[in-house]
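Common to both upcoming complexes is chain A, partnered first by chain B, then by chain C.
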Partner chain A sequence: MESISRMYGGMNRVINYEACIGCFTCEEVCKFLHNGEAYITLYEVGGGLNKPISCFHCAKAPCVTACPTGAMHRGSDGAVTVDISRCIGCGACVAACPFGIPTIVPPGYASKCDLCEPLRKEGLNPGCVAMCPTKAIVWGDYTTIAKELRVRALKKLIYTSAP
Partner chain B sequence: MIEIDPVKCVGCGACVRICPPKALTIEVNEKETILKYFIGRCIFCWMCVQTCPQKAIKTTNKFELSAVDVHELQMELVHNTVKCRVCGKPFITSKFVKEVGRRLNGGFKDDLLYVCPTCRRKLTAKKIATKVTGVE
Partner chain C sequence: MKFAFMCRESRGGGRGKVAVVGGGPAGLAAAGYLVCYGYEVDVYEKLPYAGGLMTFAIPPYRIPRENIIEGVEDLEKNFSVKFNYRTKVFCGDKVRHDEGDEFVQNVLDLTKLVNEYDAVLITTGIWSSRKLGVPGEEAQGVLTALEYTYGWWIYDSGLSTHKPPVGKRVVVVGGGFSAVDAAEVSHMKGSKEVILAYRRTIKEAPAGEYEIRRLIAEGIKWMDLVQPTKIVVENGRVSGVEFVKMRLGAPDESGRPRPEPIPGSEFVLEADLVLVAAGEIPTPPLEGECGGIKVDRGRRVVVNSRMQTNVEKVFAAGDVVTGPSMVGKAIGSGLKAATNIDMYLRSKKLV
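This part shows the complex of A and B:
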């Protein structure tokens, strides 16, 4: 865990589906922050429930491997971002992503979640993390995330098993 | 004028997006993806040559291109279109899917390469939700 952390600057985001209530707050915040374009979107998973999907910022990202120009790269804090001056809009990242995250936007470059780079530069959390009402979206380095999720799992075990 | 190598070209459409006078256009329909090059509009800027990730476009010395019929100035390159295995929407050329698969070198399941991005997102959301809740 720590070796991955050191390799990639260590920060990542995890969406905890158990805590998520499907309220669309993250999608709306993302839309507001990125001029009407949401990088975290909710899809129906059955039973009228909606759950969010966004970039996982994979450690071994297929979009980075597939990109012919090196526009898709690992930026600060381990976020996979697009260098739009290098991007040629070929759509290789769109075809390569197993989760279908990047999109080609006019005039012709790939666009995806960058974990709110402008906000992070100011020392703030990404928009979706800051606004989530149930704190279902966790952001931090790998050890913090692992610890947070363990605590939650433990709490759930205790409260559900109690009579 | 430019020459497009039909073997190297995968039909990704990068040249179409960069072309300043829109001399290169792409048309996607149910069966085929047609890359059209209309020489009458071409300004010989070689932007497409520089952009092409496959190095499929070559420059030539021909520039005096008088023709009797306007259709002689139009060139077409036809690729097969892949339809999404889930929703059936055409989204990419079959050669481009293979090229991306080659670049990834078996990084993930081949089946997923033939699924459109929107369906991939839906599948991922469903997969995680079923794993977490244990209910379909």
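This part shows the complex of A and C:
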């Protein structure tokens, strides 16, 4: 199971929108960790409801496939990141991403979430995951995520059906 | 919540001593940053536990309490943060009474902390509810939304034996998150009929249309374009609320249409419990001025772009600086103050 995970990249992040209360903690922490630029951002989706979106680090990431220079790649640790020395700022990744995640920033290269690589190198969680007050952001390899989401669903089933 | 999200383990407290006054989201986030950068942090908190409004007012079905406790325990056990609970900090001896002061056992002078520590961070939040300013508001059965949700939480957690009231007919006045939470808590706790009354329409309600429609679906009644003019009192107890109907006029300074009363449209709504959610105001540990630390007309602590007050070693962050905001904004503000405290203390060492 683990080897299959690694073959497909191995890392993913899911936002549980039901648990999310739209409090802006993820965006603020991300902004703080990246000199004022947030890679997870909240948008109003109508009715005053704010929800965050960021890179899912897809198993078959269209941005990686579309990138003509190999700048957008999957790192050995499993996260989809940009090698800015190879990026030509063409925007192919921007067009390819079904969620509109990568952006082109001055002086002209793609920029996106790297799941807080420096923190992860020290064995820590990405900032948004660590600080979310509702634990709505789940991160890890696919087996870990599936287990986490299933356990939560189970707890909900058990507790809400209790007399 | 891992407040010390930037490091795995303590780096010792040798870089200096920082006092954090108020252990809500802003204070805890700042404490987490500072311990990762080698500071010794003492938190002073008037309540018996940390987390501020996250722990004591926001309903647990929004933020599960174990998530906050996990982070507080991590700071305490792994990063030697000292939490001084039931301790209110205030400047001088004329201590102002705020909401949530029931547990206070010790009062410390702010100037003493300023003298003893290398830096002080004020993150005392917004523990005072705005009044409606109508006759009868002091009657029994009229509570602020904050008092009510806070009252239920301290009762449910066993910190208090005083059970907050449920009503036959509850009128909640307001359209923000405090109003929404008070209405929902009252409904969940068994009040028969809960009416949420707001002076503008659902489109202008600060809690947002989605949240209000969610409450309506749960069985809470929504009444818009009404403003209370008086609390009807019988034998010292509330028996109803007199409202005047409103219409929307030209946009005011907030950009929202200004509600204007329609003369002669007054009517009385019977109620045995009234919850007022007219907004909260900052509760800094001082009144007016304290050795150079100043507050503005809205009682917000005055800070510069580095979150620093007029006293160079005193910083402030969170709702006490911005007024009522969101958990994330308070956390962002606390982190910003913490970086600036670190920079300030480093630059002092260079001199």
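Rule of thumb we're sticking to: the second predicted complex is superposed on the first by the 153 of 163 C-alpha atoms of A that agree within 3 Å, B and C clash if a C-alpha of one lies under 4 Å from a C-alpha of the other, contacts with A are read in each partner's own complex, and residues count from 1 in each chain.
Quick note on the criterion: a contact is a pair of C-beta atoms (placed from the backbone, for glycine too) under 8 Å apart; a residue touches a chain by one contact, two chains touch by 3 or more.
Nothing here was measured: the structure is a model prediction, and the numbers come from that model.
On the superposed chain A, the positions of chain B and chain C stay apart, so the two partners fit side by side.
Using the contact criterion defined above for the overlaid structures, shared-chain residue A:Glu122 touches chain C, although it does not reach chain B. By the document's definition of touching, of the two partners only chain B reaches A:Ile88; chain C does not. With both structures placed on the common chain, the touch criterion links A:Met131 to chain C but leaves chain B unconnected.
Set against each other, chain B and chain C touch different numbers of residues in chain A, with B touching more. Shared-chain residue A:Pro98: touches chain B; no touch with chain C.
Of the two partner chains, chain B is the only one that A:Tyr17 touches; chain C does not reach it.
Contacts of A:Gly36 after superposition on the shared chain: neither chain B nor chain C is touched. The gap separating chain B from chain C at its narrowest, counted between C-alpha atoms of the superposed chains, is 9 angstrom.
Judged by the document's definition of touching, chain A residues 46-47, 49 lie at the interface with chain B and also at the interface with chain C. For chain A in complex with chain B, the touching residues are 17-18, 41-47, 49, 51-53, 60, 62, 65-66, 68-69, 88-92, 94-103, 107-108.
The touching residues of chain B, counted against chain A in their complex, run 12-14, 17-18, 51, 53, 92, 96-97, 99-100, 103-105, 107-109, 112-113, 115-122, 124-126, 128-130, 132-133, 135-136.
Interface residues of chain C facing chain A in the complex, by the touch rule stated above, are 1-3, 5-8, 25, 29, 54, 62-64, 67-68, 205-211, 213, 326-329, 331-332, 335-336. Those residues of chain A lying in contact with chain C across their complex are 21, 23-29, 31-32, 46-49, 119, 122-125, 127, 130-135.
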